[in-house]
Every structure is written in C-alpha cells, then in structure tokens.
Amino acid sequence: MNNQEIKDSGFSDKAENQGNRVLKKDGSSNIQKLGLSFFDRFDLYHSLVSMKSWQFFATILFVYLMINLIFATGFVLVGIDKLYDSNVVKVESDFLRAFFFSTQTLTTLGYGQMSPTGIGANVIASIEAFIGLLMFALLTGLLYGRFSRPKAKLMFSTNALISPYLENSKGLMVRLANPKNSNLINVNASFLFSYIVIDKGEKIRKYFNLDLEIKEIKIMAASWTLVHPLDENSPLKTFTRESLRESNAELIVQIEGYDETYNQQVSTRTSYTCDEVVFDAKFVRILKHSEDGQVGVDLGRLSEFTTV
Amino acid sequence: MNNQEIKDSGFSDKAENQGNRVLKKDGSSNIQKLGLSFFDRFDLYHSLVSMKSWQFFATILFVYLMINLIFATGFVLVGIDKLYDSNVVKVESDFLRAFFFSTQTLTTLGYGQMSPTGIGANVIASIEAFIGLLMFALLTGLLYGRFSRPKAKLMFSTNALISPYLENSKGLMVRLANPKNSNLINVNASFLFSYIVIDKGEKIRKYFNLDLEIKEIKIMAASWTLVHPLDENSPLKTFTRESLRESNAELIVQIEGYDETYNQQVSTRTSYTCDEVVFDAKFVRILKHSEDGQVGVDLGRLSEFTTV
Amino acid sequence: MNNQEIKDSGFSDKAENQGNRVLKKDGSSNIQKLGLSFFDRFDLYHSLVSMKSWQFFATILFVYLMINLIFATGFVLVGIDKLYDSNVVKVESDFLRAFFFSTQTLTTLGYGQMSPTGIGANVIASIEAFIGLLMFALLTGLLYGRFSRPKAKLMFSTNALISPYLENSKGLMVRLANPKNSNLINVNASFLFSYIVIDKGEKIRKYFNLDLEIKEIKIMAASWTLVHPLDENSPLKTFTRESLRESNAELIVQIEGYDETYNQQVSTRTSYTCDEVVFDAKFVRILKHSEDGQVGVDLGRLSEFTTV
Amino acid sequence: MNNQEIKDSGFSDKAENQGNRVLKKDGSSNIQKLGLSFFDRFDLYHSLVSMKSWQFFATILFVYLMINLIFATGFVLVGIDKLYDSNVVKVESDFLRAFFFSTQTLTTLGYGQMSPTGIGANVIASIEAFIGLLMFALLTGLLYGRFSRPKAKLMFSTNALISPYLENSKGLMVRLANPKNSNLINVNASFLFSYIVIDKGEKIRKYFNLDLEIKEIKIMAASWTLVHPLDENSPLKTFTRESLRESNAELIVQIEGYDETYNQQVSTRTSYTCDEVVFDAKFVRILKHSEDGQVGVDLGRLSEFTTV
C-alpha cells in the first residue's frame, strides 16, 4: 500500500472536470455517461428499488389504475350486459361498473354481487385474476428488494481535519459513526486522494491511496476516527491550504463493512473537497459517562472541532 | 498479528466506562448513542426484523386492526346504506357491519353477502383491496426477512480458563460449540483483550489482538477450544488474578463463519470480564463413544472444568 | 500451508471413532451431539428448508388441515346456524359445512354461498382470513428459502487414486465435475488428511492440510483433477496400502465456489476412507471431440480409471 | 502472480478444440457435457430463473391452464350438477363452466355466482384453493429470484489492442465500462491467455495468468482500460500476428465486482480470439467536458481506436 499512486482509478484521469468534484457529497459519481440510448442505461429493477418511496408507490398505483382501465375496456367491449349485477341500485356508468368489477377481479376480491356471464367475460376475468396474481407476486418481490437493501447510513464529520498527531506530527482525520442501532462489523476504510498536476502542459488528475493508521476494526460500536499520518511518505506532506485549492484536491473516503441486520456487505462513500479540509483543528471529545458509569457517545457533536 | 495493539478499536478508548464492561454478555455493545433524535437512530426494517416474535405479531395485528378501523370509518362516512347486506339477520351495529365488511375487503376474502353499491363505496373498496395486497406483500417480505436471518447461536463456555498448555506453559482457553444441526464452515475466531492503564494520570482503555493457536477451521463438527498461548509475546503474561481485576480487563471473543443452512456469513460475539476468567483449570473431556464406535460430543457439559 | 498439521480440526481428535469415518460420504459430520434437549438442537427454519420435498409438502398440508379443523370447531361452537348457507342442497354434516366454510375463509376464497352472520362468526372469520394471509406469507418465504438454496451438486470420482505424476513421482488424485448447466467460478479446493497415531498408549486422530498442485481455478468448465504431490513434504509419503488401513486414514475433500445461478457462495465436501483409495491407477481421459471440432467432456466416465 | 502458467485451468488442456474458442463471446463455456442424462444436468430452479422472459411467462401460463384443466375435469367427474350456478344465462358447455369455476377457485377469486355443493365438489375446491396458494407462493419466489439476479452487463471493447505503453513499450489493452446507472465497487479484473503448443507431437493448450498494471479499482465510475504490459516476463512477448493465429491464441477476460443495486457479488467474462486482437492501435479518448465543467464519458465510442 504505502501511499501508492493509482494509475487507473476508475474515474477520469484527464482534468477536464477542473472545478468539479469527482464524487458528489452523497458518494455518487459526478461523471455523466454519454453516447448511450435511454434503454442502454436503463435497468428496470434498479430504478424500481432505488427510487424514492413516494415515486414507487405512485408508480404502482398508476400501474394498478392502468391495468384496471384496460380490463374495464375489455369488459365493455365484450358487452356490459355480460356482467351480471345483482345490486338493486346499480352504478349508473357502464364503464365505472366495469372498472369496479375489474378491481374486484384483479385483487381476487370477487364479491360476486357482480359476476361474468358468457364465455367472453369469463375468459377475460380468468386472465385478469391470473395477471393480478402475477402483479402481486412482482410487487412482493419489489417491496422485499426495496426494504432489504442495506443502507449503510453512516454519519461523516462535515470536515476533514489536519490535526496534531503523536509527537510533533500531523494527521489528516475524518470522524464517522453509525447512527443506527444496527451492528456494523469487520469495517474497513480507505482514503483516496486526488489532485491535478500539469504534465507537459496538460492537466492530469492523479490518484493516491493514502495510508491509514488503522484500516479495519472488528466492530463499530462508538465513533471511529480515521487517521492518515502526514509523514514523509504522504503525498500530502508538501501541500498547503493554497496549493490544495490550486490543485483542486479531493479526498474520497470509502467505508465497507458487514451489516448484521441486513446480513449483507455494505459500503458507503463520501468526498471532501479542499474547501472542506480544515487546518490545525481537532475533533472534540464526544464520549460521555453518566453517574452510574454507563458510557455514551454524543453523535450530535460528531463534526465539532476546536482550532489548535 | 503477533498480539498487536489496536489503537482504535471502534470502542471508546477513554476509560470512563470504568466498572462497566465494553461488550455485554450477549455480544451487543454497551455504549449508548446520545445526541440523536429517535428518528436518526430508528431503522424501521431493523426494528421489525429484530424485535421479538410476540412483539412482531402484536404489531402486525395492531396494524391490521387500525387499517380496518380507518376503512370502516370511511364506509360509515360514505353512508352505511351503501353497503348492501343480503343477510336476513344483520349485525346490528352499523360500525361493526362496516368493520367486518372492511376485513372481508382488506384480506380480499370478498364473501359478497355484503357488497358496495354506489361510486363512493366502490372507490373505497377498490383502494382497500389494493392496500390489502400491498400490506400483505410487505408482510411476506418482513416474515422472510425475519426467519431467513442467520442466527449463529453458538454456545460459549461460561468461563475462560487459564489452563496448562504444552510443556510447562499455559494458555487462555474458551470452548464453544454449535448446538444446532446446521453446518458452520470456514469458521474463524479472534480474541480482543482490553484493559485500563494509567497514562499521564488519565485512565486509558487499551486493546490488543491476541494470537490464537488455530484461527480458522474448515468445518465445526464437534466443539472447538480456542487457545491463546501465554508465551513471552502475550500481553497477558504478567497479569495476575488481582491485576486483571484492577485493570478492569475484558476478553472479547468474535466468531465468524459461513452457515450452510442460511447460506450467509454469520458472526457472533461474547465477552468475559475478569470475574469470568478461572485460573489453573481445564475443560473436562466431552467426547463420548458408544459401543458401536459412534462418536458423540456432550454439549451439556461444555462449560465444565476441573481445577489443576 | 506446506502440508501443515492442524491441531484443532473442529472434529474430535481423540480416536474413539476408531472404525468409523469422520465425515460421511455425503459430506455431513459423523459426530453426534449429546447432552442437549431436542429444542436446544432444533432450528425450525433449518428443518423446514432442508427436509425432503415430500416431507415439506406433507407438513404444510397437515398444517392446512389442522388450522381448518380448529376454525371449523370454532364456527361450530359459536353456532352452526350463524353460518348462513344459501345452497339449496346443503352438506348434511354441520362440522363438514363449517370445515368447508373455513377453507373458503382461510384461503380468502370467499365464495359467499356461505357467509357469517352475527358478531361471533364474523370475528372468527376476520381472524381466520388474517391468519390465512400470515400463513401464506410464511409459505411464500419458506418456498423461496427452499428453492433458492444453492445446491453445489458436484460429482466426485468414486475413488481417490495414487497416480503417476510428473517424472518419477506420484500424486494423490481426485477428479470432480459440475454436472449442472450452472456456472461455478472462483472454485477452490482443499484436502484434509486424517489418521490415527498411538501417542503414549492413547489413540489420537491427527489432521493435516495437504498441499494441492492447483488450489483455485477461475471457472469450472469441464472436469477438474485435484492433485496432491507425494513429495518429501507429504504426510502420506511413507504410507502403504496396509498402513493406511491400520491407521484408519481418511481424506476429506472440501470444494468452495461461487454459483452464478444462485449468486451465492457454495461449498461441498466428501470423504474417502482408506478402502476408497486405489494405488497405482490413473483416471481415463474423458475429453472427446466431435467431427466439427466441438469439445465435450464425458462425465459418465468421471470415475473410470486404469491400473498402471 | 507474475504471468504464471496455470496447469489446470478448469478448461480442457488437450487441444482437441483446435479451431474452436474455449469461451464463447458471451462468456459461457464452449465445452459440452456428455455422458449424463437430461435429469443429471437439469436444475429446475436454474432453468426457470435463467430462461428468457417470454419463455418464463409462457411456461407459467401453460401451468396455469394445465392445473385448471385438471381441476375442471375433476369437477366434471364429480358431477357438474354439484356446481351450483346462480347465473340466469349459463355458459352452455359443462366443461367450460367447470373450467371457469376452477379459475375462480385457483386464483381464490371466488365470485360465488358458482359454488360447490356436496362433499366431493367442496373437497376438490378446498384442495384447489390450497394448491392455488402454493403455486402463487412459488411464483412469487421465482419472480423475485429472476429479477433480483444481478446482471453485470458490462460493455467490453470489440477488440483487444496491442497499444503503445509507457516509453518504448507496448501493452495488451481491453476497455470496458458499466453502461447502467448502478454502481460497481471493488472491481477486479484478470486476463487468462491461452494458446496451443506442440509437445511430443501432441497439441496441448496452455494457460497463463497475465499481469495487469492495475488489478482492482475501488469504484467503476467511468470506463476502465485494462493493461497487460508486454515486458520481458510476458508470455506474449515473442508473439506476432501470425504466430497468434497459428497457435490458436485466446484471451479470456474476467471481471468481478460488487453491485450496489443488487447487493451481490457479480462477475462477467468475455474472450478475444486472435482475430479480435488489433496490433498497433490505441483507443480514442472518450472523456468529454461540457461548458459548465461537467465531465462525461462517451460510451457509444468505447470500442473506437486509431492505428498508430
């Protein structure tokens, strides 16, 4: 490892993205994929499990309405008189009556106060009930896919700090914690440091793996402070506040671990631009102890620091 | 490895938790998370899959009742006369009648002895049946999520022992077994040893990885005795019964393996405080052989030891 | 690695199982777990997903009948006259009528030719439909759990062979293949060799990891022959046919890989007792080529060998 | 690693497949499995989750029809008069009437305009509703199994190039990208190079692992160019266009990574025959920057190269 330069980082190495960060704050890539049609890029399952909840429920409500509209039309086409209606007071609109019958069929509710007569209506009802089961099976899978997706919602400190470290030395520090009650085990971290250099008149973005004092912990119980020692091997050793900005430096932090609730490997990323690096500051202590000796960690102050 | 000190263990390193163990006996963290609102810490899926069975079933029964109450109210508001009831002897209470109709709709039972008439009641029934399918899809996913969670319920010996080991040497030993009929393969273990030192007048909790004689086994068929040799490299070599207690020492044992029933990586932890370490004792032999040569292991006596 | 001795194999190390193999041919452990109650050992999910198909379907049919019997009894107790029956020709037996009504309710079928009247019967029906949904949700999860379990059904050669290997040398060889159309990738193998020695008059079973010529392949397309070279480092180098039998030797083969159909890590094991080791034989060639140059591998002859 | 020769690759090592590639372009094996019956090779779950969508839906529609035909026959055998039909205008065909009743029962629709009378018809209906639930539970699991399967649909460049690399050197290069919006992390790559040599008059296919400049990247955001340096250690260093063809050379590329949408490890493979290797060419630059500094990668031109 040893603060190794990465020649191909998976990101673009040419510095066309001068002035833009490589990774967004939420950890997603800031590089657009061009030259592909919508369907080349589109992945239905990905879209459905990763869209927002209200979008998801709006989508399935829309699909529910569409299917019922289609089948209601089918029942009307086959003849509304083929839907026997035992109600004394009927819904006046033929289409609405067919629509409600369709919902009763698609959901396999089947009150039976309306029922199909004749082969045509019966065939349509048989198909609709079958499609209802299919849709519902799909829905079950999608919902499970959605809420069983591990979401490693780690809290990262707002800033990365250049802090005093050991005797007479400094370290680049980021603090993080798991706000949730779930357990993260075998957690490992990596720092990827990137900046722009001028090579033969061309701006090139370089990438370096930064050494960490501790790369992996067995269980993340309280908070964890990641420390990259700014020793003679560090690519950051000669950087100042100004040169960091000039070179458009960016620190990418990637955390991986095993979530014991979801029983899956999870990973999360964030990035710090040079504006988010604070020099000569250190994180405040957030461990507290109550009178009965119980230890707590004050995660509301995770990002707090004092200048030194 | 070599009995390495861990500078950041994921636990608090300041000894405010003097007098309290770092890890509870059941392997969960003993550090409270403060400074966060309930919703920052809350993870609905985590809560629902990890709560006790009776809590889970009470929760879904409560949700079932609530949804029916809401829709029953809806049917009453739209007009109870819109629910046609073919029964000769009707349930007298209008609300109860609406409630029972609601249960028949939400579960997509749809007897049809009661049925909606008019647009309003039909719309509500269509929505309720759709929500019924949604709820049920969620329930299916949650139940699967609950019972497909691997529970590596390993048995650990009640005490950790300081036992004779090899010629003229001693070892820190913990015995464990898998009581279930499932197979655990590629099982690996780690010992994390923690105690408090006084550094510049401040109490600091230190953490050390302890070497193990065998760290990984291919398959855990019978019991497994973990052995940390108390040789010259061991951080425990100078400890006595008294100094262990004074320094608030704690041994954290973490086991990971692959469960062939659940097809998932599982892990489990426990901890031994100084009070749970027994000096100069050794585990009794628990392998038995029946007359036909069949070998058995008596897990009821897993924790038994004799003093030496 | 280097043909390392394993001091704790997870199996019993005392040779009480003299005359019995450590691992059964199907890869399951041959050691019984004693001293635990049935419920200590019992894992409901494990039992339900690993039992045979006919047992599983018999179990759920039994549960279906039991639940219906219980609810039928409930309906009879509340008064069979509370089940309104519109049929002209009714089922004569009151209990059978209640039973069929119960099946229509539990499955949320709800024909409605029978329907509950009165609060008591309606409450029971509401509960039964809810339990029906719960049962069905459980069933969905169990069925998914059952058929999504990866079954790495590898074929192993019937015998392990001591074959000529390189110039003037020999190797212990086992041949295996994946009979299924699924892809196994990143497949790795290990040989565990075990035999009994007399140490201070006591029979002790020893375990050794055997070196393999190739331990991992990227993809298992055709067959794979595992080779342990019988060089000067091999624990087997001094063994003869007779001493293998006397020392109750056993070869345990464990294969792990990633199944691309099930998208899960899978593992499988088998064992060869000394009686299943053939000296001075080699596997026949099973690669075939058709006239158009297409290559095939004749897995029907996987175990065939010729003596040399 | 060091460009190591692989003695057992999992593929056939004898060159009977002269003139045929080892791996098909889509990454599946080109070796047939012979000597096994259909059922030895058949895996129902594998077939159902990996068949094409239209095949899958045709299969379940077929099963739906078959089950209904069987139960319709059952109802006819037990006596069509046992199916009470309240419709004024009935479906004339007895069998069709039984068929539609069967669909209403199997899907648990249960309109109730037709209902069973008598013990025989009630028993059949009870069983059919139960089987309906079972079928539907299976369907839910299969659909989830189908769409939760990660499909690492990576784009590979059409050709592998021999390109200028560093000062005065060359490299074997393949370019790839993830066209989807999903994230691939911890992506690693391997090159397996295979060619045929004449050993003692017999054609033998040899396999070599080729060194890669970068073997693993943390996240695949844009495109990734795999580079095997053609230095003195490379097995390719003496190859020319002609000798590659004569020796039937083939380059197998395997990519593995973790898909954050599906939360699973995924892998994909492809192969390049000698005809797909282009000498003295280099990939065109596909990074673009818009006026606002946003970076994009033009994946439509992934395979484009210029000769040098």
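We call the chains A, B, C and D, going by the order they appear; numbering starts again at 1 in every chain.
By our rule, contacts are C-beta pairs under 8 Å (C-beta built on N, C-alpha and C of every residue); 3 or more make two chains touch, one makes a residue touch a chain.
What you are looking at is a predicted structure, and each value in this text was computed from that prediction instead of being measured.
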| item | value |
| --- | --- |
| Chains touching both chain A and chain B, listed by label | C, D |
| Far-end chain from chain C, centres as C-alpha averages | A |
| Shared interface numbering between chain D and chain C [over half = same, under half = different] | different |
| Between chain A and its twin chain D, rotation from the CA superposition, multiple of 5 degrees | 90 |
| Duplicate of the A-B contact set - from A-C, A-D or B-D, the pair where over half of the pairs recur | A-D |
| Distance between chain centroids, defined by C-alpha means - chain B, chain C (Å) | 25 |
| Rounded Å distance, chain B centre to chain D centre (Cα mean) | 36 |
| Residues of chain C touching at least two other chains | 108-112, 136, 140, 144 |
| Chain D to chain B touching residues, read off their complex | 108, 110-112, 140 |
| For the chain D and chain C complex, residues of the former touching the latter | 6-12, 14, 16-20, 22-23, 28-36, 40-47, 49-50, 84, 105, 108-112, 115-119, 122, 125-126, 129-130, 132-134, 136-138, 140-142, 144-145, 149-150, 190, 192, 252, 254, 256, 264-267, 269 |
| Residues of chain C touching chain D in the complex | 60-61, 64, 68, 87-91, 96, 100, 103-104, 107-113, 136, 139-140, 143-144, 147-148, 177, 179-183, 185-187, 213-214, 217-222, 224-225, 227, 258, 260-263, 285-289, 293-301 |
